[in-house]
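Shared chain: chain A. Partners: chain B in the first complex, chain C in the second.
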Partner chain A sequence: MVKLIARTACAGLLPKTIGTITLAEIAAAPVTLIAPHRGQKKATSDALKAAVGVGFPAPNRCVGIAPRAMWCGKDQALLIGVGCPELRGTACIDHSDAWAIVQIEGADAVAVLSRLTPIDLRATEFKAGHTARTLIGHMTGGITRLGSQSFEVMVMRSMAGTLVHDLTQAAENIAARAVNAR
Partner chain B sequence: MRLPCPICGDRDRREFYYQGHATMLNRPSADAGTATWDDYLHNRENPAGETRDLWHHEAGCGAWIVVTRNTVTHEVSGAVLAEKAKT
Partner chain C sequence: MRIAGKGLNPDGAPLSFTFDGKPYAGREGDTLSAALLANGVRLMGRSFKYHRPRGALTAGSEEPNALVTVGADARQDANIRATTQSLYDGLSARSQNAWPSLKHDAMAVNDLAAPFLSAGFYYKTFMWPKAFWERVYEPIIRRAAGLGALSGDAVEEIYEKAFAYCDVLIIGAGPAGIMAALTAAKAGADVILADEDTQMGGRLLAETGEIDGHAGSDWVKRQLEALAQMDNVRLMPRTTVTGVYDQGTFSALEQVSEQNAPLNTPRECFWRITAKRSILCAGALERPIAFPNNDRPGIMLASAVRAYLNRWGVAAGKAVTVFANNDDAHRTAMDLIDAGVRVAGVIDSRSDAKAQGDYPLFKGAQVIATKGRRGLQSITVQDANGTHEIETDCLAMSGGWNPSVHLTCHMNGRPTWSDDILSFVPMDGSIPDMSVAGAARGKFSTLECLEDGIAVATAAVTSLDLKPQKTETPTAEDTPYAIEALWQVEGKGRKWLDFQNDVHVKDVRLAAQENFRSVEHMKRYTTQGMATDQGKNSNVAALAVLADATGRGIPETGTTTFRPPYVPVSIAAMGAGSQGHGFAPERHLTSHTASVDRNAPMIEVGLWYRASYFPKPNETTWLEACNREVNMVRNHVGVCDVSTLGKIDIQGPDAAEFLDFVYCNTFSSLKENRVRYGLMLREDGHVMDDGTTARLGPNHYVMTTTTAAAGQVMKHVDWVSQALRPDLDVRFASVTEQWAQFAVAGPKSRELLNTILDEQIDNDSWPFMACGDVSVAGVQGRLFRISFSGEHAYEIAVPARYGASLFGLLTTQAEAMGGGLYGMEALNVLRIEKGFITHAEIHGRVTAFDIGFDRMVSQKKDCIGNAMSRREGLLDSEREQMVGLKPVEIADKLTAGAHLFVEGADAVSENDQGYVTSVCHSPTLGYDIGLGFLKDGPNRYGERVMLVDHVRDNHVLCEICHPVFIDPEGGLARG
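Then we have the complex of A and B:
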């Protein structure tokens, strides 16, 4: 029997510290995509709440800590950190290992991400528990605010290298400006 | 240019894919005849003023929306989900 070695999406690429920010991979298994069938969202939310303690999130919101339910598209959410319970009337798809998730933390986190995404990430507009499906460079992905200087950025696993490259380049550019400003 | 996605709120135009006029939602019946189908597939108004077109929020929530905008003033006056749009 062949013994396979599991590698995380950003293995060998992270962690990194650039200027004021740190980039670190978040290992978030298990992950399940949950998509209630038409008219089933309320029932799915109730069943989720009863089984794992978090309901189906409103658009652009992320609820719970462990486990979490993160909105990720029209009538879709990701259930993160717990096995998927039995949900009737709902499509449930295993996304464990499907995502590359990077935490970016530091004083310049908003400035760095603002170079890559068109959405407004200021704390007055994009608060803890807010999430957005948007562009990250040329990729589609998700951004979630974890704290005042901390965000989670996720793209499909196949684009992990590009995500780390884009975040690294943006962070280096911001760090270089800080050096010049001194 | 920013478009008001009914689910996500105001978002940058880069997140959207443009399909064309919302008349695409008024699909004729299969036996409507070649003239009707030709009109549906190929002929479009070119209005100076208000128009409604279909956009896909492809780098966002994934919804198809009908955006009302003005081709003269460039004002974007609203958007509804295509599934709820009156055609």
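Then we have the complex of A and C:
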């Protein structure tokens, strides 16, 4: 009996430690894209809360940790880390394999991300639980703040290599600055 | 000459460097120009046009003369200002625009021909014959005139780009900027203080005045320490704000390291800073006086002479003279005397000038001549008592100060003339939410700058609803600025205005005489104000001369437009990171590694990398591999990764109606677990994309798009849903990345699938165009019986994490059956043989009618593009329509891009009958075949047409045929 072997998006590429930061793949599966049908957002949110403990997030917000519900577009959210409960009146689309998700953590995490994304990452503006759909280098993706020095960065799965490349290059530049810049 | 004990860094470590190959010694903290002057080197470059010997005019980023090339090969940097280049041990700099050497420059002969080379000379002289410009004149002129050269090697160093945000951006860290930063930071604002210099402090580092009873540089040090302690302050030294853009966005260039840093260290970082408020504290730049031969090495700005003395401990000469029209410049004499340097005289153009110390003063006097070919030797002074010749090796000149208004003009603001300071000052409100403080708005005393920094920052933080705390103004000098106009001095010899572009007073007058009277016209006619210094030293004086020549006032004459960048920005910094793997994202399939391991050449399809073909060891050309792969699919079975096709999951009670509106054919009638081919039109009625859509449930579809148009179609359905049909309750999301999908094609495709499916399929359970969920080796997947090859074929999908594994499994099984992998080349041949279209055919200008699909545009319902597709002329048989082509002589080769002509007609555009979109060699048929578009094509099957490819010089007589070359009934796919 043959069996298919699973391989994660960043397999063989991570983890890495560069200077003060670490890069690690987040094994997020299962991930479900949730899009309530017309007028169903509240009902969906209530049902979600009852079933898995987190409601439907407001725009640019991520609620919960494990599991968590992350806003990802107009009336859309990703339910991460728990199987999708039965949600009537809601389109539930499996996205477990659609994303490459990398956690970046460390004292220079903001400095590194500032090389790649145009959004305002100051702690006063982008707090833990805030999320944004934005650019990461040349890629569209998402950034979520997990903690003061910890972020989750996600791009399309096929771009995992480029994400790791771009984060690595930015982190190496920051590390080299600390050593060699005047 | 270095003066022991002077300067901010008197005990700096010794450094060695070379200039034009000659070794010199400098010290830590020097700029290259300071170190050269310390060694008595005044000659640093040759001018742009006349190759006149030049030395440093300034001590800052506005330097027009002392441009050098630093480093070599890939690390060569040209046009580096010696005045801003930090010295490091081993630095190697070369002069520019001189041959064979800086001292003996052959092209200095240009200077002798100067009477013939006035402004406008090129325009008048090199007009005829026309063809000579590009081939003869321009190459000669380019060789004769110019600055540094690129190495021609790709840059090896790393450059960065970065983004930053703040409440208050303060540009310039002189007395005004430092007080503004302290004030804003104490109020709780998030502050960025950016300064172009290696050391913050501005003029306080170059002057001897005290603040709060301490040396200016000591005071600066203490304030910077206080600022560095505050969490809400970010100090950005060596960062020049280069441009102002909409919405409070600024560009800035940070010099991160020198040319000798390890290659892994960024050289520069290009910042984009967004600020709620900005305060410009850019200070002011001293301006020269246009007197005869005022460009000799050794003649420099008075402020620069003080900077070299007070900051770097360097006397710019042994016997220094000063020429000025203002009180400020007398400080130069005092500082030099204090340092023990002889002051040979101060020449003040004002008749009421008073000496401030023990030096010879010439009142109401002017410098009317200078001597010294490669360096100043003497000057001739004229006053009421006649002329006096003074031996001097350094003349410090000051024509007054120009506030650095540049950034306030980047959004089309114009500065206004101030008679008090005889210069331009910024207009309020030129940049939204920017205010200006200190010398940048004409407040020239140190005390005024300190006070202004506090006041302006207080207003800025108040407007941000922050509470400013009271900030005490330190005590400092408050000398009034006394100046009298002096723009030019008459006399024999050229009176240089723009040192960088070799423009002198007569050139400006000539421009006015020839009716280039507008300041913008004068600039283009004379080239004044161009190149790296952008007229920082010359603009005000040049337009004063123009005003005089045209009989207008300076305010009426106005300024030229200051545009970004404020200082030169390397293209490497602006394009930072976008080389190599950083150029564009690389989208890799789950089969990528396996394909590369099999030596498949990967081709870029959009951002995706796809296998072109899978070569066998004995194959020497791509065509051999391609032919084998086609035959393999036709006779056995082939496997191809097709995950790049766009996949959109569509759900909702109105999903069917939505699809009926997006597609020109009908999807509401599609049964569950069935797939249908769909064609999508743009709003203008032309074909947008095609693909298959599967119905997985009553309100659940999965649409596939072409690889190339996946993003475009996703955007389109978003647009349709939000803007055109918000009444329909439908939700969708891309699932392209979720699924790894493989085509399994060929007579043995079902046999292969049955080796990996947990439940066997047959023709009854999975007929042609069936689809549904399947279990693939224990994993939930999807199976679609669709064919892009015309063969009995399927596409099988599993969640992407299993993609690599399934690809390996399918490969092994296929090879065991005499089949194997096929790539893009074979896929293309298979679809051309079958007459299937791609974006080669639906290239944006064709209609459904043109590709023979007009009957698919259902007239029983409305759809996007329906009405527009019925427009007159879009359903005309004279239109070019899709046909198949085959060579009459079967050995002939068809080429794509060729045009079609009636046999015997001239191959000119008037006779154009159509064009060829796709060609291939068909191993199935044994000859080349093609698809193309031909006028009235479908009614001309069996006729002959001439294929003419002017680019490849190919002429082939073709027979027009139906575009489906094999199995026109489609029996194979249904079999």
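To be clear about the criterion, the second predicted complex is superposed on the first by the 179 of 182 C-alpha atoms of A that agree within 3 Å, B and C clash if a C-alpha of one lies under 4 Å from a C-alpha of the other, contacts with A are read in each partner's own complex, and residues count from 1 in each chain.
The rule we apply is simple: contacts are C-beta pairs under 8 Å (C-beta built on N, C-alpha and C of every residue); 3 or more make two chains touch, one makes a residue touch a chain.
What you see is a predicted model; the values in this text were computed from it and never measured.
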| request: Give one of first, second, both or neither to describe whether A:A35 is in contact with chain B, with chain C, with both, or with none. | output: second
| message | As a test of reading the superposition: which chain, chain B or chain C, is in touch with more residues of chain A? | response | C
| Thinking of the overlay built on chain A, is A:A51 touched by chain B (first), by chain C (second), by both, or by neither? | neither
| query | Touch check for A:N180: first (chain B), second (chain C), both, or neither? | reply | second
| said: Quick one: is A:L135 in contact with chain B, with chain C, with both, or with neither? Answer first, second, both or neither. | reply: first
| query | Does chain B (first) or chain C (second) touch A:S96, or do both, or does neither? | reply | second
| message | In the overlaid three-chain picture, which partner chain does A:N60 touch, first (chain B) or second (chain C), both, or neither? | response | first
| So, does A:P118 touch the first partner chain B, the second partner chain C, both, or neither? | both
| request: Please write out, lowest number first, the residues of chain A touched by both chain B and chain C across the two complexes. | output: 74, 76, 118-119
| said: Help me check something: in the complex, which residues belonging to chain A touch chain B? | reply: 59-60, 73-74, 76, 118-119, 132-135, 140
| message | Can you tell me which positions in chain C touch chain A when the two form their complex? | response | 86, 158, 160-165, 190, 198, 256-258, 261-262, 264-266, 272, 274, 577-578, 581-582, 584-590, 607-608, 649, 651-653, 722, 729, 731-739, 756, 776-779, 798-806, 809
| Can you name the residues of chain B that touch chain A in the complex? | 7-9, 11-12, 14-15, 58-63
| remark: Seen from chain A, its contact residues with chain C in the complex are 1-9, 29, 33, 35-38, 74-76, 91, 93-99, 114-115, 117-122, 124-125, 137-139, 155-162, 165-166, 169-170, 172-173, 176-177, 179-182
